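Labels run A, B, C and D following the written order; every chain starts at residue 1.
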């Protein structure tokens, strides 16, 4: 039973790293970016290519899996996304769906449509018995890394100047501009960091979630659930939402396999209706 | 005889702020009543309570003697309560013809009519024409509303409310922002409103108020400060003081 | 409403449609090959197309006076698309044979069409037993799941395996494999527990955790060939390989196409299948070598041999019916037998399904590469499901 | 009471006629419309070998029309309209499989079933911002997709619904493999439902929908029961989508999980973006454009035509659909007495207002 909880937490942590970029993008720029999954896939493929073709060790590829999607995100944000900030959510959704279709087809064309397999380094494979619980080494590695990321993100947001200016911009961009905060710069850096985190999440997740060209579409719904349930005004909201979703999904598949997916979809609809601004966020 | 519109100890609180402070008010049948007061006195909140857009914290609202406190906005319209908006709330992509036609056919059970084309019923067309003439809109019937002159749009505001054949008409600053040249046209149409319609006029423009209203209520900080005929209120020194912002020894 | 835009746009678009699709009818036998070239089952499409082209390269493109013209269409693994493509190939291109069908739903969708249009349909991959009953025009050169599974059940019970958990993908072939195995294994006194994993984006870890808790002697697995690698990785990640639970199942999970990519994880897995690239027969050696040369080192798997034999069946059928299509061609195909790279095969005249040897094999490292090395043969196995029905 | 100077002067006939004519004109069929349907009917005879793809165009056109009713006319956004399409398809398929092979019976039952589903889920769509509507409709479609996948004993699950055999249309026209009967059947059903939709959008009911879309506050102030109207049009659109799904199931005699897939809801949005929303023909023109595009692109790059579809979607949104159809409007010559109520493309609350 505890192993399921352990797997659920690892899955939840992974989902958080993947989805936190989207939560901030939506909260800060009020932009519905369904293409967020494409950046996660980009990170995954960076790791897969570096490891399989150039033989780079797994750990060495992780920083690149962050940087490459971050730059791609920055470029796209400055060129395309910027023009859509004032547009309606429907326009933004259509735009990002278009991007997803392009990303899926492009990766399918370039890398073929089969699953990308990455060989984890030896010390990350297998399981170990800790206090009677079967603990996967790789999953504990993920919990460690994602845990650090969460703490770092929380510190940046609450302690640093950039963090406070970001939170101001999230609360009310117009007032923030009035205070002389360069909201455009904050948009760009946040979008880039969000995409980079998604890329890192994609690389870490390749082992558990699998990695193929349809990744953005398959996991888009998970990202959306994390954002709608977690709300967009805080970091802890999406974090708790990811944990709940991760554990609910894993436990659901273990105990009630036939009902598995129902639980999370109905959870999303119920939350959307009762508390549109999310479970954890205060009413905006 | 029951009042056209009546409120008893109406209160509306937004958190700590009391926007409507225990207002008891009567609008007699066929009255020409004005409601004046400095900015932020709670006039618009009062209207939103009357029309059901806002739910009161406590107190009651009566329409023609019937308790309308819990009624949904659209049912109050069916019971004869119509309003205009301080800031134009029209349909930019529609034309005045369609806007008035919408209100008229809605009133004549149009909502359930999904088969016949709008305007195929003779009596609807005639009423549209009558209203268009009354509010001097015949020359702009087919223009996009967003392209109309502001004065014309204000006239359309009132025309649409009038098209609901109300027994009680709430006019929320009809003359606001209307340029001098088109103001007299607006005043004439407001004055020409049939006597069987009781009108509550919320306005700052004193010459419109004094030329139109026969009774005036003064709203200050959400409460009725004073009420009376035009002569009583216009000569009351305290009213002038309230407007000039001196503190009033309550 | 708008005057010019509505009329002009509609007219122009429909005119453009008129240009495509005019077929030139001359003395040719067209073969419509419908395969999943993209999507989750793209590896099946890629393997079969390569094998079919290899066969045509080796045997030329004129048979019994007819020029063979191959038309390849991608149905992206979606049954609606397969149905529409089959209909367009029959109606517009006037093909004489439709072939391919990478998956059970993709084979069942166009079945009524084959009957209506009297066009033979050669199934080169899909493995659910009932497919050949969906239309009298369907002939199969791949295999059926029960055909490969019942020998595994018999082998397992003879080798001291008492308790087995079956884990299958929740679709046609999976359920076939589960029923066939459970039936045969419990008939021999074994104890079976069944589990199913969703076909779309499967996450095996919760199910494997259940297997670890149930502690069976062996885990019987059936997943479509594209997903075998991911399953194998999570099997090891869950520590099941060290837990003494044997991994058995039909050959799909240790598919030649991805076996090497799995690494040592797959070593020791025992499977039953009708074909292995390591099958030692002169025909197979020539086939594997030619296939690798034509496809820069890609190793043929059981899907490829299904495609290769499918083409052979069409060529032999045409020779026997000297060029006639339709019902004559199907009847000509019945009863044909030849030595395929996999071993001796025959088309059963009653069921139009394939009778072939089934081999029990173990994954071993042979000069650096992983292969399914065959160590036992069960000759001339008929499809047990249809065999049970007929007697 | 002082005499009322304006009231009852004689109503000059010219104004009354002008009012009646400009209102009623919207009901009459324009030359271009009649031309469009004439061309559509002509394809029954002129393009015999393309009936398969034309059949799909008619079905997608009807499906886009149903989305246009809620999006173009009532301003409700949806990312899960395929839920009703798929539900109708499965209903018709299951009916036919269990012996009720009459197509028209199948259509009626699918329409009612989809309408019921629409009615039940319409309350979910009334509240919240556009973003909430997008997520809720997406959620509903996903739940339905999951049910279809799990209930394999009735829907055939991942293998799809096997064994559908359709009776002849009206007992006369057997479904042939060339798709001629199928196309004639789909086109007629689409045409009839189009006529009904066309009547509705120019009726007072339709006018009230547009008023709700443009300004719900004012609509309520004029006595329109906004929520009841939205529920009504959402249920109607669901029925239309259900019929479109049933047509697909009956004419291809096959139903798989694909009818509930996310890409169907996304594609139909693209169709409306291409054709423009709010003037009913957007769905039909968009369907022609989308299918012709798909046909050309998939012939050109069979595996990767989705790339070009994605590119078109991105470009269309960036260029701005309003400007696109404004250009189309600018092309239209100034006809006598400007046409009232122009197409307002995909009108939704701008992000700022959310």
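Just so it is clear, a residue touches a chain if its C-beta (ideal position, glycine included) is under 8 Å from a C-beta of that chain, and two chains touch if they have at least 3 such contacts.
Nothing here was measured: the structure is a model prediction, and the numbers come from that model.
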Touch-connected components when chain D is not counted: A, C | B
{"item": "Intersection of contact partners for chain A and chain C", "value": "D"}
{"item": "Taking each chain's C-alpha mean as its centre, the one farthest from chain A", "value": "B"}
{"item": "Centre distance in Å when chain A and chain D are each reduced to the mean of their C-alpha atoms", "value": "34"}
{"item": "Averaged-CA centre spacing for the pair chain D and chain C, given as whole angstrom", "value": "40"}
{"item": "Centre-of-Cα separation between chain B and chain A, whole angstrom", "value": "52"}
{"item": "Residue numbers of chain C (touch at least two other chains)", "value": "38, 198"}
{"item": "Of all residues in chain B, the ones touching two or more other chains", "value": "none"}
{"item": "Residues within chain A bordering two or more other chains", "value": "108, 261"}
{"item": "Chains that touch, pairwise", "value": "A-C, A-D, B-D, C-D"}
{"item": "Residue ranges of chain A touching chain D (in the complex, touch as defined)", "value": "30-32, 80, 83-95, 97-106, 108-109, 217, 221, 224, 228, 258-259, 261-262, 265-266, 268-269, 272-273, 276"}
{"item": "Interfacial residue positions of chain C with respect to chain A in the complex", "value": "38-40, 42-43, 195-198, 201, 203, 205-207, 209-210, 212, 226-227, 229-230, 233, 236-239, 242, 258, 261-263"}
{"item": "In the complex, chain C residues that touch chain D", "value": "1-7, 9-11, 13-14, 16-18, 20-22, 37-38, 73-74, 76, 78-80, 83-84, 87-88, 90-92, 104-105, 108-109, 112-113, 116-117, 128, 134, 170-172, 198-200"}
{"item": "For the chain D and chain A complex, residues of the former touching the latter", "value": "77, 79, 124, 127-132, 134-136, 138-140, 142-143, 146-147, 150, 262, 266, 269-270, 273, 303-307, 309-314, 316-318, 321, 346, 348-352, 354"}
{"item": "Residue numbers on chain D that touch chain B, as the complex places them", "value": "1, 4-7, 9, 11, 15-16, 18-20, 22-24, 26-27, 199-200, 202-208, 210-211, 214-215, 217-218, 220-226, 229, 337-338, 340-342, 344"}
